[in-house]
């Protein structure tokens, strides 16, 4: 387990991260961390490593692209002083190119995506102890699908930045692909984007494996 | 893993099981299985054992006692023809003795509790392949607390019936106690009864360990 | 134009037909015929052939399968005494096999689908002057996609019944496919099932071409 | 077809244009372009000319007069940089003279109407490739009706400006009149102003004929 | 003043009478008699003739035709045992012929209207001391308008029945016509049917003049 | 009739005047002038003197005392440039002394009341052609009742100011007293303050008599 | 203290008793006993005599007269098997005579009131250990007020029945009168009927004094 | 009775004090002082000592800690110029340490608590005639419970400050403890913090005894 006692773990991203979290805090009583993978991670950390006292904060906002993250980075990341930071962004950057193809102002093309994400990562690195980069994903098994192919290209950007900057890398697309061999895409997400709880469990598991969660403790 | 391909697993109980599940189905799209341990179990089974295709149904109803379960047993359990049945009941049977002590009609004392639960178990056994009995619990570490002590007595009844009837037994109180050594009760449940997601994770884990969930698959 | 002066045209189907129509009437003032292809058909008939006075009735109900249509056929079709009847059913019959694969009770497999649809068509034929059968569809260009492939098989059933029973046949999948060569599926329907207004226009156009709508009147 | 690949077509006007569009955007997913003629135009362009990728934006606001348009012209028209601009305004300018005749501050008389509309047209012309002026209308067949007569005078102003400024001209009153020969006014609009979907189809058709929409493509 | 001390005056009709009255009573505290002419009549009787103690009951229901009145006549009129009965019906009987011309089941043509209204009047006469028949109306000054002309024909039926049966007759159309010489129709009713408070005052005044209200008492 | 063609009549006051008027306008379509005496006055003027075209504006605000009127006098009276101004204020000034007797900050005692009301009247007189002062009232027949006695003293202040400043004077208390001889106070107002429609008719009648409304026109 | 360990005390009446209690139970968690004197009595008994374990049930229903109580006596009183029964009814029986004087069907005159109340008392006496009769009241100090005078006559009926039947008698009017010497009626109830919490405290105190509550325990 | 005629008594605190009081006033008509002990105190003072005319103001805000009180002290206490001031704060200061133990920014530890409370008391003393300090409490009988033990330490701070500053001291924990000998904690508060009305009565009683309320007046 890479996280240490008393550390603060901050997640930032889009609707996959948000999941109706409390605004503006994103932490605290009741459903403050939302209803997605962040809350599953939180529940597993709290129940399995209660002695670590990991503080989980959710700063996801539905509909965000990397351009939106940049606009609120100072307030929602730097000023929060997290020990660990996890970023999953890019789905809307790609999706808008496919669901509103004629509104080009709303598209974030791959060059802007890469430059912005790299800038945010570099800006944050000095202040954190650990950094996790999660790829965007598309719950579609057909690699020839135009949107899946685009998402894969954005995911490759995330991988490159993670390698260059020494961040932990989580390949969410690969995690979904494994299950897509058995289940139809629609079982995991009605629109191939917003996962069911089973889909969020896949995300949480991929994240936790990256930070060294010890699953054998669950069996005790 | 004790569950087999294509089996139907039905949970019945009170608000801890219910968690705003869809009525009357308790299964299907979106949040049909609610927001508690049933959904976590469902998410873990679907994502980790997708090839088994386990069908999870939630028939919990908030506020129920064992007396209420009896009234709807034919409709909500027998007629559903589950392969596996999990019962967690008793919290309200006990709680009403402590929060409305003067309204004795609303209390289900231990003799009625034991007789009714045994009757329901015996009525269901012939039709199912597996039966899981989960104890009621009270997220209070002080064993001398009057309500905790009562809950422990009801839990002991569940254990006895499980042993006599050959059901799998899940000691939820023990599962909570382990974490209560580190965390204060209020961190897991604002009223010592309705768990946070961390608390529901503890319930799900205890249940899954009873049915032989293989956690090492999570690390792959 | 195949419809004659004063005739009543009744549409029945699932959510694609329903589109929030008034219940139980499905005709009348304001948005009584809903917000989908039925209303576009109605608007085009009323504005282009006002002298015909075609009465359009919408009896779609969201979530329906052919099994549900059978249960309400007497009330919602026979008793309404339409002159023309249009049926588009089957999407949910197929979809449930893919989004809730483990709940097999909710699936309507192809044999039941064919038998039921044929029975309904035969039951209605004596009372109507014209009958239109529209295929179910899936707005997914990849023919190898499992759900698209299944939908195509159900569509073939519709075609066979139309031929056997002498009904007008509308191939909605073909109509969508033509546009899917240019536009990504997500532009026409967020979940590949519920169309945008552009998607409903495609359905309305396919229907109107089948009944001989004269588009040259629009240019006058 | 006068519109070219990738162009942006912006509609501005009052409640007939607005129809509950999204604010402030007036474009995007779901019902962003509202429920009136703008959305019908959008649906027909997208489904019939998908390869053109026309971007349709709706900037109508209910209750607006030409005086209100002037106040937001910079923001809602100039700054949007449309390639094509369509204006339909004047109904409220006239209507207030008839429904609240004693509140003279709320009336926009014909001189102010003409001067303001001409100013807005002239201000926009340099920036756009195409300009469409649609008359206001009153769905009342009796030309001697005081409000219809007034609306006709305002419509004549629109025609004059269109001719002087070289804009495409859409005579919506004439379009409605054709159908009013067959249908009673109340069938097309409960208050003779806000059209049913059949009425909006009449508006969409008149607009599309002005820009050269090829209806023969619909029959293919 | 024709009404005597302690008498009960019952109004029945459609939305013009209803005006959001309390259901099912139509009398009592707060806005029980609705917000239309019935309440104005009630307010004027109570404040000007308090010593008479006239009990006013409103049994109007929005959307009703004379066919609907017949269906509830026993319950809502006969069983109420009014001393005076006022009927104003027919607007919807006519209106549906003009706003949903293709749904002929919803139209009440003039023969059925006359026969039904006469039957209701004759059925009620023995039990009441006074009977008032108010014409339906259409706030449209153009007598050549198709719906106005139809309404005038229905009004003539009311007049004939009033004469034959010895009922007091209130010509509401004439009352509106007087003001329509000065004001545009839209000032009195946005849809030419549902009056503003000024329009309801015209109805109340016409009714009160029929029953001999002494306006000179208002000046004291 | 003292009002002339085209004049604007503005009412200001507390909840008796407000009656859920539209904010901020207090004039226009639908129920813009509220549901009290102002609307009755408006309805009677519009229907009986349509040729005068009197514009009625309601600027009452619930809960206001004369102190609140002063704070908004510039905006809500002076800037509106009415031809006629009617003021009815003082009920809350008195009532707070009786329903929250211990919160003395909320009481407006008679000296402040008189000074403020006189100041407002003098400030407005130069700009208006006619000024109407209506007394506050308390629908309680017992003159020895402490709150009624206080209200009478405030009413006397209004009378004195009206005489000194040459305003028309409306004694609303006297108008209610006349009916209170026959009806119990509770019939006219559930709390002896907020009138039923019968009570508002009494207020409207008293106002209209002051401005010379000719009731004999109602009988024509 | 007349109540003994474990007894059940049931209150029945109108809105003064009801105060938004839970329906149908009128007992249990949260605000089940409403927000009036019943809850104050309950709070004082529970906190001052916790060892007695008195069970308080509220069966008041807003708007009830003694006629309504009779209709539900079997269900809401007899079948509940209370040890102590407290009845406060009559305010609506009187009030309707004063707020809707013309609707005589809604009035319960004094003879019917006395006969019905006596019948209910006699029917209940055999089953209960203690019976409390509370007078209706009117928070109006002027004994000459018509409604106060009527209420006093109904209160005298309650007193007579209490004496004849050996019930405890609570003179609520006298209890209010004592405070009305100092406070204006409006301070205790906005409509002279529905008390503030101070008014409910007066009712609770009068009730508790009748059953022998020992106030000196409060000072300990 | 320590309070004198016409004095203003202001309560400040957290949710126990707030109880849905009106914002921002916290005094006035209807439920302005909320639904907790403040309103019970108010009701008892008003009904038992009406001649004193004590003005009760509630400035509690849910969720507040002593840190929050400091931030609004000038506005909500000093500027209100109370004669008597009662402070009950500290529950949230402690609770957050137990329900969100990992969010340390939200905890107010005992040193900050003591320093801040002392500062507020000293700042207020010069302006008030009487000052009451009420301890925070935890309705848990087990003194070894971690949160109860912490609450007791904070209560000891309150006691020390009260002694040093000469304030009246109310030991709310002791008041609850007396009843906890007989009743289970859950009977008085579902979460051991937010009391039932019985619990609020215990608080009101403890407060009133501190200011010398004479309970023997209740028996008169």
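Per-chain residue numbering starts at 1, and chain names A, B, C, D, E, F, G and H are given in the order in which the chains are listed.
To be clear about the criterion, a contact is a pair of C-beta atoms (placed from the backbone, for glycine too) under 8 Å apart; a residue touches a chain by one contact, two chains touch by 3 or more.
Given the structure is predicted, the values throughout are model-derived calculations rather than measurements.
Engineer: Provide the labels of all chains in contact with subunit B and in contact with subunit E.
Structural biologist: C, G
Engineer: Using the touch definition from the top, what's the fewest steps needed to get from subunit C to subunit H?
Structural biologist: The fewest steps needed to get from subunit C to subunit H is 2.
Engineer: Look at both sides of the subunit D and subunit F contact and report whether the same residue positions are involved, with over half shared, or different ones.
Structural biologist: different
Engineer: Looking at B-G, A-B or D-E, which pair matches D-F on over half of its contact pairs by residue number?
Structural biologist: Of the listed pairs B-G, A-B or D-E, the one copying the D-F interface is B-G.
Engineer: Please work out the Cα centroid separation of subunit C and subunit D, and write it as a whole number of Å.
Structural biologist: 32
Engineer: Could you give the separation in Å between the centres of subunit B and subunit F, each centre being the mean of its C-alpha atoms?
Structural biologist: 66
Engineer: What is the distance, in whole Å, between the centres of subunit A and subunit H, each centre taken as the mean of its C-alpha atoms?
Structural biologist: For subunit A versus subunit H, the centre distance works out to 45 Å.
Engineer: Which residues does subunit D have that touch at least 2 chains other than itself?
Structural biologist: In subunit D, the residues touching two or more other chains are 29, 99-101, 183, 187, 190.
Engineer: So, with touch as defined above, which chain pairs make the list?
Structural biologist: Applying the touch rule to all chain pairs gives A-B, A-C, A-D, A-H, B-C, B-G, B-H, C-D, C-E, D-E, D-F, E-F, E-G, F-G, F-H, G-H.
Engineer: For the complex, give me every residue of subunit H touching subunit F.
Structural biologist: Its residues touching subunit F are 6, 27-29, 53-55.
Engineer: Would you pull the subunit F residues touching subunit G in the complex into a rising list?
Structural biologist: So the residues of subunit F in touch with subunit G come to 95, 98-101, 142, 144-147, 183-184, 186-187, 190-191.
Engineer: Once bound in the complex, which stretches of subunit B touch subunit G?
Structural biologist: My answer: residues 99-103, 106.
Engineer: Help me check something: in the complex, which residues belonging to subunit D touch subunit C?
Structural biologist: Interface residues on subunit D, with respect to subunit C: 29-30, 35, 39-40, 42-44, 46-47, 50-51, 179, 182-183, 187, 190, 196-202, 205, 208-209, 215-216, 218-219.
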